[in-house]
Every structure is written in C-alpha cells, then in structure tokens.
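Order of writing sets the chain letters: A, B and C. Residues in each chain are counted from 1.
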Amino acid sequence: MTTSAVELRGIEKRFPGVIANHDVNLQIAPGTVHALVGENGAGKSTLMKILYGVQKPDAGTITINGETVEFSTPSDAIAQGIGMVFQHFMLADNLTVLENVVLGAEKLHGTGAKARAEVRAISDRFGFGLDPDVLVESLGVAARQRLEILKVLYRGAKIIILDEPTAVLVPQEVDALFANLNGLKEQGHTLLFISHKLDEVLAVADAITVMRRGTTVGDPDPSSVTKRQLAELMVGTELPSPATDESTVTDVVQLSVEQLTMIDEFGRTILDGIDLQIHRGEVVGIAGVEGNGQTELVEGILAMRPTQGTVRLGGDDMSGWATRKRRAAGVGYIPEDRHRHGLLLDSPLWENRILGHAYEEVAVKRGWINRGGARQDSERIVDQYDVRTPGIDTMARALSGGNQQKFIVGRELSGEPSLLIAAHPTRGVDVGAQAAIWDQIKEARRAGLAVLLISADLDELIGLSDRIEVILRGRLVGTFDPRTVTPQDLGEAMTGGQEEA
Amino acid sequence: MGKITALAAVAVLALAGCGSDDDSDGGDDNNAGSGGNALDCSAADGDGPKVGIAYDVGGQGDKSFNDAAAVGVKKAVDDLGATCTEAEATDGEAESAREDRLRQLADGGHNPILAVGFLYSEAVNKVAPDYPDISFDVVDGFDPDDEANDNVAYLGFAEEQGSFLVGVAAATKSEAGNVGFVGGVNSDLIKKFEAGFTAGAKAVNPDIEIQVKYLQESDPKGFNDPAAGKATATGMYDQGADIVYHASGGSGAGVFQAAVEAGDGKWAIGVDSDQWQTASETEQAHILTSMLKRVDVAAFDAISAVDKGEPLVSYQVYDLKVDGVGYSTSGGFVDDITGDIDGYADQIKSGEITVPTAP
Amino acid sequence: MTRLRNIAIALAAPLLAIVFSLAVTSLVIQISGGSASDFISILFSWPADRLLVNIANQTSLIYLSALAAAVGFRMNLFNIGVEGQYRMAAYAGALFAGAAFLPGALNVIGALLVAVAVGAAWAGIAGLLRVTRGVSEVISTIMLNAIAITITGYLINTYGIKAGDSRRTEAIPESSQVPGWQPFDKAAGEVWTLGLLAVIAGVSFWLVLNKTRFGFDLRATGQSESAAIASGVNSKKMTMVTLLISGGIAGLIWMPSLFGSAHYYGTTFQAGLGFTGIAVALLGRNRALPIAFAALLFAYLNEQSNRLTIEAGISVEVIQITQGIIVLAVVIAYELVRRYRLRAEEREVAQAPRPGATTEEVSA
C-alpha cells in the first residue's frame, strides 16, 4: 500500500457553540483527483482551511506524505507543498500575469528574467497558454483560473486544493479545466477538488469523499456510484430538481426592453441594443459566460447605471425613472451578490426588510420608518420562507448564506411585484434552500409574475425558464427552447460558437 | 535699570529664544536645575508678593515669551522674595477656560496676576472687576471695551522701535542694498515689527530694497512652521537679499537655517530674545543681531510695583526709554556700528524720530 | 435578555477605555515626576460652580461639533472639515448679527440661518468636488480648513475693528444678545440659552436617522453603498445632502457662545472644536445619546485641567493625553465588542433548531 499524499484522521474543529468538523477522516492517494463533495455548510470550507493552515484543528492529525504535520499559517502549508485555488480569484487586474505570479513569492525566482522563464515553463508544461507579460484585466475567466493554478504551482505545490473551480466556467471551459487537471495529475500532482456539481465530480474524480453535517459520511467509488446515490449521500434525502411545470406564459407583456444600450465611463459598449420582452407568467433565462453583460443588463433595467433605450413595465415607460421609482413600480430584485447588493450585513433582519422596499407601506409610512410593520412582515418572511434564525433582531451577517438568500427571496416576493429579476438566485446556497427558492420562483410564476432569471447554472436555467436568451459581448445572440436545448448547445452559443482563446 | 537689564539678559540667555534650533539645547533646557536659572515656583517660599502667572500655550520652556515672562518672575522670586503659582493655556481652549484660570489664581489669593499674551485681554476684562483688590497685568494686552479697569495694566512694547534699530543695523551692514522681513502671521502686532524695520532700514538707505513676506494670513501656525520660514527666507536670499529679519516665533529656526545654507555674507536677525545665545554654532555665525522685547523687564516691573504698593494700571509702554526693547550684540557682528545704532536710539528716545507702527 | 446583555457590553467598552486611559495617564504622570494621586483626586473632585456652568456650555459646543462629524460618519463620509465650516460660519454669523440688519430676536434667527447656510456651503464645496470629480472628501475638507482659516483671517485683518493689536467684528447689539440662565452667583456665569440648539440638533439627529426613510437611506449608504444604490438610493445626491447637513450643523457650533458671551468674532473665538468633535463622535459611536455623554466627558476633562496645573503643578497636556488614549482605547474596545457580539449571534444562529448546518459557509 502506497503512502497517502494527504491523510486526515479524526479532525475536529469547534467554534463557540458550533461543531464545524468532527471525526473527519480523509485519505488522498498521490497522483489522483480526489473530489470532496457536500452541500453548503457541510464543513468543507472549514476542512480546507484546516488543511491549508488557515485554522488549527482542535483534535486530529494531518499527515502529508506519511509525515505528521502541524500548520499554524498558510505558509506552513505551502512549505509542505500544499496550494489552494480559491473560488474567488485573488488577482490584481492592473498587473501582468508575471507580476501576479511573483507577487508575494519574490524570493523564489526574483521578479525578472528568471521568474519569467519559470512562469513560461510551467505554462508550457501544462498547456496553460499564459503569456507572462499580458495584463490580467485582458484575460477571460478560464485563463484567470489557470493563472491561479499557475500561481500555486510556481510556489512549488504538489497538492492542490481547488475550491469549486467550475462555478464560474461554461461547459467547454470546464472540459478544458479537466484536461488541465488530468495533465497535472499525470505529472504527479495530487488534486483535491471541491464541488457540489455531481456530473463534474463523476466525470473527473478518481476518488470521492462525501461530507455531511461536519463529518465525512462515505467514500463512494466514482466508477459505480450514480448521481442520485451520491446526492442522497450528500443531503441524506431525495434530491430536488428544478423542472418546470406546464407553461403559464400569458400574452401580456410585462417587461419590454427596447434597444437598451450601455456605454461605460471608458467609452466601451457594454450592452448593445438589447431587445427583450417578458410576459406575465413567463421566466426568461439569460445564459452567458460571466462578464458578457448580464450584470449590466440587470443594472440597466433597474437604472443603477445609465443606459440609452426604452424600458417599459406593463404600460409604463420607465426609461426616465430612477432606481427607487422603478422598484416601487413592482420590480423585485434578487441580486447576484447578496452581500454587496442585497443586505445590510450589520443590521438586524427587520431593518433589512426595509432595504429596497422603502416605498412599501409595511416598511415606511409617509417618510417615517414603520418599525412595527417591518418587524411583523419580517416575522412573516422568516416563517413562510423557513429562514433559520433565532429572531428578526439577529444581524444579517450571522445567518448562513442559504438563509440570507431565503430572506431576500421572501422580501423580493413581498409587495406583489409584477417583475422579478433574479440573478443567480441559488448561488452558494445549500440544496435544501435551493429547492425552496426554485419552488417559490415557480409559484410566483404561476401567479403571473414575469421573471428575468440570470444564472451560471445551466441546469437551473433549463429547468426553470420558459425561454432562454444567450448573451454574448453585450448582445442577445440566440433564443433557445429549454425543453429541447442541451448544455452543449448553450455553451457553444455562449462562447460565440468557438472555444475561448 | 542697567543692572536689572543685565541680570535679566543673563537669565534670558539660558531660557528664551523663539527661534532656537533643535540642536541648540545643550544646557538651556528649562528644567535643567544646574544653572538655577529656571523658574521653580515650588521652591519659592519668600514673603514677597504672591504671583500668579497664566502662560499662553506652550508655558514655561517655550523658549519664547512665556519663558521671558518666567525670567521676570524668577527675578522677583530672587530679589523680592516673591512666591508664585503657574498655570498654562491649551490649544483651542474655550474663552471660559482662560477666565477660569484667572479666577482660580485670584481665588488662591495671588497678587499680581500676570497674564501672558493678548489672548487674555478679554478674560481679564471680565474677571478683574470681581477682584478689585488684585492687580492684573496682561502682556501685549488691550482693554476690549470702553470701561477702564482700575486694577488692570496692559504691558505693551514698542516693538517698532526695537525693529527700527535692527533695521538700521541691517541697512548699514547690507552690501546688496536688499534686505527681507519674514512675519509669522499678518496681524497688526507683527505689522509693527515690519513697519519699524522698514523705517529703520530706509532711514539709513532710502533706496534700499525690502522684501516683505508673511507666512500665514491669520493661522497661528505661522509662528511654528520652520519649514515655511526656511522656504520664504531662502526665496529672499535667492532674490538678492543678504539680511533677513524674522518676527515669526518658532518659524525663525527655518530662517536661520536658510541663512546658513545661503552661505557666507548672508545674515539673519533674531527676535524677542537674544537668539544668538540659543542658536547652534553654525547658525551663530549668521545671526547678525536680535531685536529684544523685554517681557521679563515688564513682568518684574509689574511685580515690584505691587510689592511697593503702587500696582501698575492702564497701558504701560515698554519702549527704548525704559529698555523695554533693544537690540543684542552677541557675536560681535554689529560692534563696529553700535555707535550709529545708538545714535538712532537716542533720536527715538528724544522724540526726534517717530517710528511708525503700521507699514 | 440579549438586549440587556448588548447594552451591558456596549457600556462596558467605553468605561473600560476610560479606566485604562486614566491608568496610563497616571503612569505617565508618575514617571515624569508628578503625583498620580493628585491627578486622580483632582480629576474626581466635584467642580466649582462656575466650572459646572462652563462644562454645560462646552458640552453643547462639543456636542454640536460631534453631531456634525457623526452625520457624515454614519454614511462613511469623513468630514474632517467641521473645523473650517464652523469657523467660516462663526465669522459670517457674527458679521451678520453685528451688522444688525434685523431687530432683536429676528437678528438672532437671521444670523443662525446665515451660519447654517455658510457652514453648509463650505461643506458643499467638498460635496461638489466629490460628486462631480470624485475628490476624496477627506482631502478636500482638510484643505478647505486651511482655506477657511486664511479667508477669515484675511477678512478680519482687512475689515475687522481694531482692538489692541487684534481685530474683531462689530459687536452684536444688546437687543440681539442671548445670555442665558444663571444657576449660581453672577461670577459663576450663565448657561447659554442657545445651548438648547445642541439639544434640538441631538433630538433631530436621532429622529431623522432612526425614524425616517431619509435616515434609513443614509445609514444604509454608510453600511454598504452598493446595497443602498441597489435599493434605490441616489448615492451622489445622498453624499451632497449629507455633507450639507453636516456643514449646516457645524455652522451652529459656536453660535451659543457668540450670542451668549462673546458677542463678536475676535480673540474669544474658540478654535479646534471641529477636531474635538471628531474624537467625541468616535467615542460616542456616532449615536446621538452616547455622543452627548462623550461630549460631557470631554468638557469635564477640559474644565478640570486648570486645577491640575494650579493645584498640583501637572501640565495641562496630560488631559489631552487622557483624551487621546480614551479615543484610541475605545476604538479598539468597540471593535472587540463588535466581534464578540457577532460571534455570540452566530452561536445563537447555530443553536437554532436546524439539521446539520453550520455557520462557516457564509461567504464561500
């Protein structure tokens, strides 16, 4: 039996009042891709932080290549050849590839020719195709991710942790990433791959470990386990699916966008003559690689950024209206980044009920905060949407992501909106909350709501939408019927019919 | 009077100097007891007048006129057996804090109460009527209203006369026929220095070019900004001046540095105290003379008046006649022209020359 | 229960900061040869009548200044320019009141309006620069402070009435002076009537910030500008309005003193309140009521400082040391309390009955 690259035994980590990890056992064979799966909150992140030296376990041992180690800081982990690629890239846009790589690792090969040669060598060895002197801001998402991997390789990592690396990629890019991972594996690297996308896990992993409720619950064999079995292992229950019920689309146009164009402060065209109509009872999904104008389309419709063109809601021409007036007219908004756009993290839940709804009687009466009303309605949302919180005086920050999102969904579906803009409504949300949010969107659609759905999760788009529009470089480039389209078709349209360079 | 002046001057040497440089503090640290020159109220236990002294911001040890006042009190402690209590202003304090300071001193039975700095004028005006038996003396002070107080004296100085004399010195010594004046703040008080200096210089050489610059319009920072003092003086030397007189408190340190850097033949003139005494060796070679403003003389005067039972009242002007202002000869750079300067001084004393108080 | 605990720890932080700061100051005094026991006993002895009056008066000025700073802080705008704003306003208000265009009380109201307008306008310059050109208000307000000192200095030097070697504005006619309430004998002075402006401003501050949509928008912008924009707040307008309000309150700072005792702008103008206000706002966590206590504390310490020098020979600067350490310590203490509370809440969330979920997923 060969020595494991990584072996975790009986890992336990307690936070005050919380057991984040307990009795975690994980064995990773060298030169393999090992998938760690589990829903959000299952303890994956804590485990990774322990393995990467960010946090110290309260009990248990970490063994790297047969040697028991203790990490106090990430540098200890790096010294042991462990590298981590975070889900959110940590790159400086205004620096070059080379500069980003050497930043903080200047001691290894300096910052000059030697470093450049090393970067080029790594890039060539694994087929990353990264030019050391290109500015990061000109790189696409996939290339940035390769750069992140290159960064940890440059620091000598032999064991690489990838935290949900596919969350930001389109299918073709995912395939390319997996090719890269296989390349790494062949050259003797060990990869720990964290995901909750089971298709991907089954496609790439040599071994799987499932976590649930802070502990490891099984190591199913990827060659024999089914997706369903895996999912049930993860959640301990049946897996929900986003499948739409029969169509509720009416012929009443609720949102009508004509020739919506956005030019940013640098004179670049971000949105280019978008025409879009959504009927009552219809969910229109927007598919696209991130950064092709989805965010801006939402911000344009909400007047958070200036645009040209016409936006009509029902019979009203909203083009000249400010954000607040548009929202007051009945636009609910589930923002893609709930921390930045959806919540006041350091305010209690009931105050968050008012955020963005200061026009509703229940939140504000004649300019005065309706404390009683807001509190009462917050209680209603907490009950109705199953927001797990000790109370409505709890700071939003203290809640888990899924519960924050459920609260936002509940808030945005209050006050009888006629249009819901939902940007990545289930991103970073656990399976239970995901199912609940899907149900709520479907229910609202049945009640006649028009929904603009933006998602990077193609399953979600296909499952929820009545119609899918693909956005590419600020233009709508294709319309698909979700009943017939495949992820591959969409991926092709999203990248303009060709692989991203 | 001459003896008093000499005594006080010696004390000033150790203590005072608005513009003294950082590297000049060898033995003149105010709490260095070695020389016994610093005022130490806790050690005074005579049976003379019980003096209350309210300093301006900085208090004793500011190497400026707070120290000069302390020298006068110290002399009273030594000569008259006076005892004393000190209090000190803080930056940005309320008017009521100044009033309270004076009241606490008055309630403590002090007489006279010396208030150092014109900022005390209003507070004294308010407090004095409540203590008719106590004599208040305000250095540089003024009566802010029309009702005269019969227990308040305003100790004013003829800074223009002293400035006139150093103006004479400057014009006589200047080879370039070009001198400069650096004022800390563009206030009426500092304008007196400018006016006297200009008049003195023109009296010697009517064609002399005089560059005038103020560091601040009204921000008191102008009195404590050596960098600005240096930049301004350097500019003047670059524009052809060979002697620069400063009336800018702590900013003067920068003026001296500028003179040093401008090289041989470039001079600076100090202010308030004999700044040659507190300057570094390299700077001493460039300090032509200093305009003396004898706050110590006035302070001692006020105390001894109370001691004699005839407290000072109303405006007291310390001019050349009473040695209230003057010029210093330390360094010996003006020894060859003291005759000329004293000649002008005599004409001022006799009234032949009237020095303007505003430019 | 939670509420009680929160109040208790919220109070503990500043109290500990004060105790810590007094301890450090005592140490400093002892090391530099003074008597720490004198310091403590004088500091805690009951102030004389006139000091009580002064404390009341100073509290009102400091409080107004702190409110002016706090309005900005609440929406993450660092108006460091309160100093310049109230100086300009004090000069303009004194000039207007001294000119006596209006009779009696009308003159007072007119001058107050002028002061508010000038303070707001001076802050508005920083607002305009920030909104149109993206200039940081920290930089612009600091610069505007220097400009304000120079402008008022120039005007007073040029047009002021000569008083000794200083200058001042025309005195306010007696009919427009607003003295105050004399709680003790005459020598102890009067509590300025216009000190009530501080009370009015404080109550309005609390009402507007906590009870109105405008206040909610302001706080939301302060907590998360992006979230506020998404919620429909026009952040540029908000920036402008907030700075105008901040400057307007700043305009009032010296008014109680002007009408109560100074009667003209001259040597009695009290400089530096703008900076005190920033410290006090920090100490009071930008909340209306806590700021009032913080202002009282600072006024108390300031007024006790004279006795320290006169009775114990302790340098007046130690009070500034004490105040400085209080602010530093309290900033640290508040951060610790904030983290403690967050952890406590997360613990509660975790204990809420739910299967298998933990809290560390918050931001993946």
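Heads up, the rule we're going with is that contacts are C-beta pairs under 8 Å (C-beta built on N, C-alpha and C of every residue); 3 or more make two chains touch, one makes a residue touch a chain.
Chains and their UniProt names: A = ABC transporter ATP-binding protein; B = BMP family protein; C = ABC transporter permease.
These figures come from a predicted structure and were not determined experimentally.
Student: Counting one step for each move to a touching chain, how far apart are chain A and chain B (BMP family protein)?
Tutor: The fewest steps needed to get from chain A to chain B (BMP family protein) is 2.
Student: By mean C-alpha coordinates, which chain is most distant from chain A?
Tutor: It is B.
Student: Using CA atoms only, can you tell me which chain is the most central one in this structure?
Tutor: Per-chain C-alpha centroids ranked by distance to the global centroid put C first.
Student: Using CA atom averages as chain centres, what separation in Å is found between chain A and chain B (BMP family protein)?
Tutor: Here the centre of chain B (BMP family protein) sits 72 Å away from the centre of chain A.
Student: Once you find the CA centre of chain B (BMP family protein) and the CA centre of chain C (ABC transporter permease), what distance in Å lies between them?
Tutor: The answer is 36 Å.
Student: Averaging over Cα atoms per chain, report the distance between chain A and chain C (ABC transporter permease) in Å.
Tutor: Spacing between the chain centres: roughly 44 Å.
Student: Provide the residue numbers of chain C (ABC transporter permease) that touch chain A in the complex, in ascending order.
Tutor: Those residues of chain C (ABC transporter permease) that touch chain A are 2-3, 210-217, 219-220, 223-224, 226-227, 229-234, 341-352, 354-364.
Student: In their complex, what parts of chain B (BMP family protein) are in touch with chain C (ABC transporter permease)?
Tutor: Listed in rising order, the residues of chain B (BMP family protein) that touch chain C (ABC transporter permease) are 41-42, 59, 85-97, 99-101, 103-105, 108, 118-119, 121-122, 130, 140-144, 154, 185-189, 192, 216-219.
Student: Help me check something: in the complex, which residues belonging to chain A touch chain C (ABC transporter permease)?
Tutor: That would be residues 15-20, 40-43, 45-46, 87, 163-164, 212-214, 236, 302, 304, 322-328, 333, 335, 337, 339-347, 351, 354-359, 364, 367-369, 388-390, 393-395, 397-404, 428, 430 of chain A.
Student: With touch defined as at the start, can you tell me which chain C (ABC transporter permease) residues reach chain B (BMP family protein) in the complex?
Tutor: Its residues touching chain B (BMP family protein) are 50-51, 53-54, 57-58, 61, 146, 149-154, 156-157, 162-167, 187, 189, 257, 261-262, 266-268, 270-273, 275-276, 302-303, 305-307, 309-310, 313, 315-317, 319-320.
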